[in-house]
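One structure is given below, represented as structure tokens, and several questions about it will come after.
Chain IDs A, B, C and D follow the sequence of writing; residue 1 opens each chain.
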Amino acid sequence: MGMGIDIRNRMAKRASEEIQNGMVVNLGIGIPSLVPNHLPSHLNVMFHAENGIVGMGQSPELGEEDENLCNAGGFPVTIRDGASYCDSAVAFGMIRRGRIDVTILGALQVSQYGDLANWIVPGKKVPGMGGAMELAQKAKKVIVVMNHFDKNGSSKIVSRCTLPLTSAKCVDMIITELGVFEVTTTGLVLTEVFLPNTIQEVTKLTGCEVKVTESIRKIEY
Amino acid sequence: MEKLFGKLTNLEKVMPFFHDGMSLMFGGFGGVGSPPSLIDAIIEKNVKELVLIGNDTGFPHIGIGKIVSLGRAKKVIASHIGSNPVAGKLMNEGKMEVEFSPQGILAERIRAGGVGLGAILADIGMDNEMVSAGKPRFILNNKEYLIETALTAEVSIVFAKKADPYGNLIYDKSARNTNPLVAMAGDITIAEVEEIVPLGSLNPDEIMTPGVFVDYVIPSKGVNWKWAWE
Amino acid sequence: MEKLFGKLTNLEKVMPFFHDGMSLMFGGFGGVGSPPSLIDAIIEKNVKELVLIGNDTGFPHIGIGKIVSLGRAKKVIASHIGSNPVAGKLMNEGKMEVEFSPQGILAERIRAGGVGLGAILADIGMDNEMVSAGKPRFILNNKEYLIETALTAEVSIVFAKKADPYGNLIYDKSARNTNPLVAMAGDITIAEVEEIVPLGSLNPDEIMTPGVFVDYVIPSKGVNWKWAWE
Amino acid sequence: MGMGIDIRNRMAKRASEEIQNGMVVNLGIGIPSLVPNHLPSHLNVMFHAENGIVGMGQSPELGEEDENLCNAGGFPVTIRDGASYCDSAVAFGMIRRGRIDVTILGALQVSQYGDLANWIVPGKKVPGMGGAMELAQKAKKVIVVMNHFDKNGSSKIVSRCTLPLTSAKCVDMIITELGVFEVTTTGLVLTEVFLPNTIQEVTKLTGCEVKVTESIRKIEY
């Protein structure tokens, strides 16, 4: 179930629709890093990095990298007007104080209750949780963008996570290449499908009970 | 540039956030670094029964002292009220409750609230009744500590030298004092500033309070009280 | 000007502070902001059995990762070792103990040590075995927290862009990261700096680590590793 | 028992002898504020203020005051080369971390064990402890400079404090207009007398048991 650049960008584009003017947004690595490419230029958004940046801009041109200006993954970034640097304690203060509006991150599994498992790859070494727990617990809105299936073809949306949890009951929205799901108090709800997938296909391919919203959106892009 | 983030506004627009009985945290140390225009507007609106949280109660006619002296606070959490005799009088008459916290512990309690922690463990004033009364104790590695709870407030007001439209703040010299801590601890934080500069004109290394913590920025009319040393 | 406070010195003079079995705290995040010359000198001196405390274990040939990859640490307290596969290998082989702490909690534990507090109360990873194992819990206002102990070290090493002879430090952009926290938490703090400027030439409003926390300042030979993105 | 400027400066001068090159020093109000006048000019000392200054200099000239540059008492100061500003949390971090070498402060009473009472004036209102507890508990050396007698003529050095304590067992040295006392594990020791006072007079006028050091210093200035 490898995904081409088009499918990845489709998911990133859908995630970008959740970002509104003035928001503070933290992006994980992978597909979430594609989200800024899809934001309308009139939006004023502040991208936050755990190491101590608010207001990251685009990647620098080749050869223009500054070794002292990197994101939390250690890769060079630039900044936009209005950016600021702070120490890591303050950067996480923003997270725990509830000042991050949206975090968009990848996952290994998400349960129908919004439980998130995204930090221990089975069979691999334990990397440590980094800042994932704080973001998952404390961001106002947690959006998971991930492949619908793992490498064995099993649904990564599950009734109960089998992998170690990053945080329980924290995910608000799941975006996969098949559709968009919202975690509600009454369970998982399919709210949108990426065409040409059908509602029936998507619910069938999802590893837990899924309700379907009344007026489902069918995404054409 | 005002519309970029919707934070640049004026006194009138932020006044609805102030109401009777609210908790209000203020920056400043002996009045230095306290926001004069916001304080005057709160007095003018006749906001009462305030729970005030900050380093001290200023002087009778300086800083937050102006509000305290009018009897508008039902409770104050501070480290010192000695420079405002009216505060002491109100406390002794039972008209205003005062919770004292050692100065640095108060600063840390405010900061803890500001960065989303529940409390800190400290060993200051363990044996002092006024400090330790009612506070749980905890033994860690054979040493006893007081559990000092984090403080937040419905609204925080701070005073800065410069702000940009995102609410990034730079304070001036010792007027910084508790302001960066208080700015983080408000559910809503309002910054009164001496100068508003364009986005991108502040050096990002020199910003003391990132705008993430600031909801509104209003221009200051400037300090209008006479300092004790004048 | 060197003799003003006795803090300006060189690598050779600070090397006696590093010894087998010591606790060593380091600034940096993924190697960015870690002191390259001190790290090389510690390797050259063959210091072993270190207890390392810092955000992460860098990359195998970047930052503190250079020390970790040589098996010189008996224990690491960090939030992440994923970018250094050698660290994971040593951990799995039982050759290096790793204590994981959520990233922001680790930063606060270091800061708490730096400002002389005993611990903080936080609600991150309450239900996660790796985070909560062995940590006392405390209920405050009907909400449960973990008691996260403060961290200090015998020696802290940090990397700054500028220092004056008093040890006042200014960091560069995102290379600030954990450095100001680590600088406070060392019983002895050594700053490796890119540039030493005369006393009085740093703007006192822009100093990020007051020299009070810094015991020694040494000039850096500069970053000599190849970054992962290069 | 009012004290003239000479006696006050005599005590301040003696206190200044405890300050060495490179030290970080916090001064209380009153007599301690006179200490800088007596420091040799070759000494590099950093004066610390609780509100967030390291490196305070002399008082500004009249008319040169900066309302945003005041000490913890709210009075205008200047700064010296190498000074820095920080927030109050960091300023107290320096204190609790043990980075303040000497604090010199006034007192209402000090016991023979070094118990300090300096924050509640009897019969007056309760002002709050401010930063006194942290300084008393955490500075490396705590020096009290005070009148030997209260306004009733009673010794302020006592076997046991009757006033509420700021902090127990924290004072290292007491300087009064009569002499200098050190708090040791075996009790209070008179180490110096200000001439023309005699050892006998000073010990007699002190409200607790006082040992006398073998080679006592007699201060002539």
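Basically, contacts are C-beta pairs under 8 Å (C-beta built on N, C-alpha and C of every residue); 3 or more make two chains touch, one makes a residue touch a chain.
Just so we're on the same page, UniProt names per chain: A, D = Butyrate--acetoacetate CoA-transferase subunit B; B, C = Acetate CoA-transferase subunit alpha.
Nothing here was measured: the structure is a model prediction, and the numbers come from that model.
Taking the mean of C-alpha positions as each chain's centre, the chain lying farthest from the centre of chain A is D. Each of A-C and C-D has its own count of C-beta contacts, and the greater count is at A-C. If you average the CA atoms of chain A and of chain C, the two centres end up 30 Å from each other. For the pair chain B and chain C, the distance between mean C-alpha positions equals 32 Å. Here the CA centre of chain A is 58 Å from the CA centre of chain D.
We define each chain's centre as the mean of its Cα atoms; on that basis chain C and chain D are separated by 36 Å. The multi-chain contact residues of chain C, meaning those touching 2 or more other chains, are 108, 115, 117, 122-123, 172-173, 176, 204-205. With touch defined as above, residues shared between interfaces to two or more other chains in chain D number as follows: 85-86, 89, 92-93, 95-96, 138.
Taken as a graph of touching chains, this assembly fits none of the simple shapes: it is neither a line, a ring, a star nor a complete graph. Working note: touching chain pairs come out as A-B, A-C, B-C, B-D, C-D.
Contact residues of chain B toward chain C in the complex are 108, 112, 115, 117-123, 136, 138, 140-141, 143, 145, 147, 149-150, 170-173, 176, 204-206. If you check the complex, the residues on chain B that touch chain D are 29-33, 55-56, 59, 78-83, 85, 88-89, 91-92, 98, 100, 102-105, 107-108, 110-111, 122-125, 127-131, 161, 172-181, 208, 223, 227-229.
Residue ranges of chain A in contact with chain C, taken from their complex: 49-53, 65-76, 85-89, 91-93, 95-96, 125-131, 133-134, 137-138, 164-168. On chain B, the positions that touch chain A within their shared complex are 4-6, 114-117, 164-166, 168, 184, 199-200, 202, 204-205, 207, 210-213. Taken together, the chain A residues at the contact with chain B in this complex read 21-22, 24, 44, 46, 48, 54-55, 79, 81-86, 89-90, 92-99, 138.
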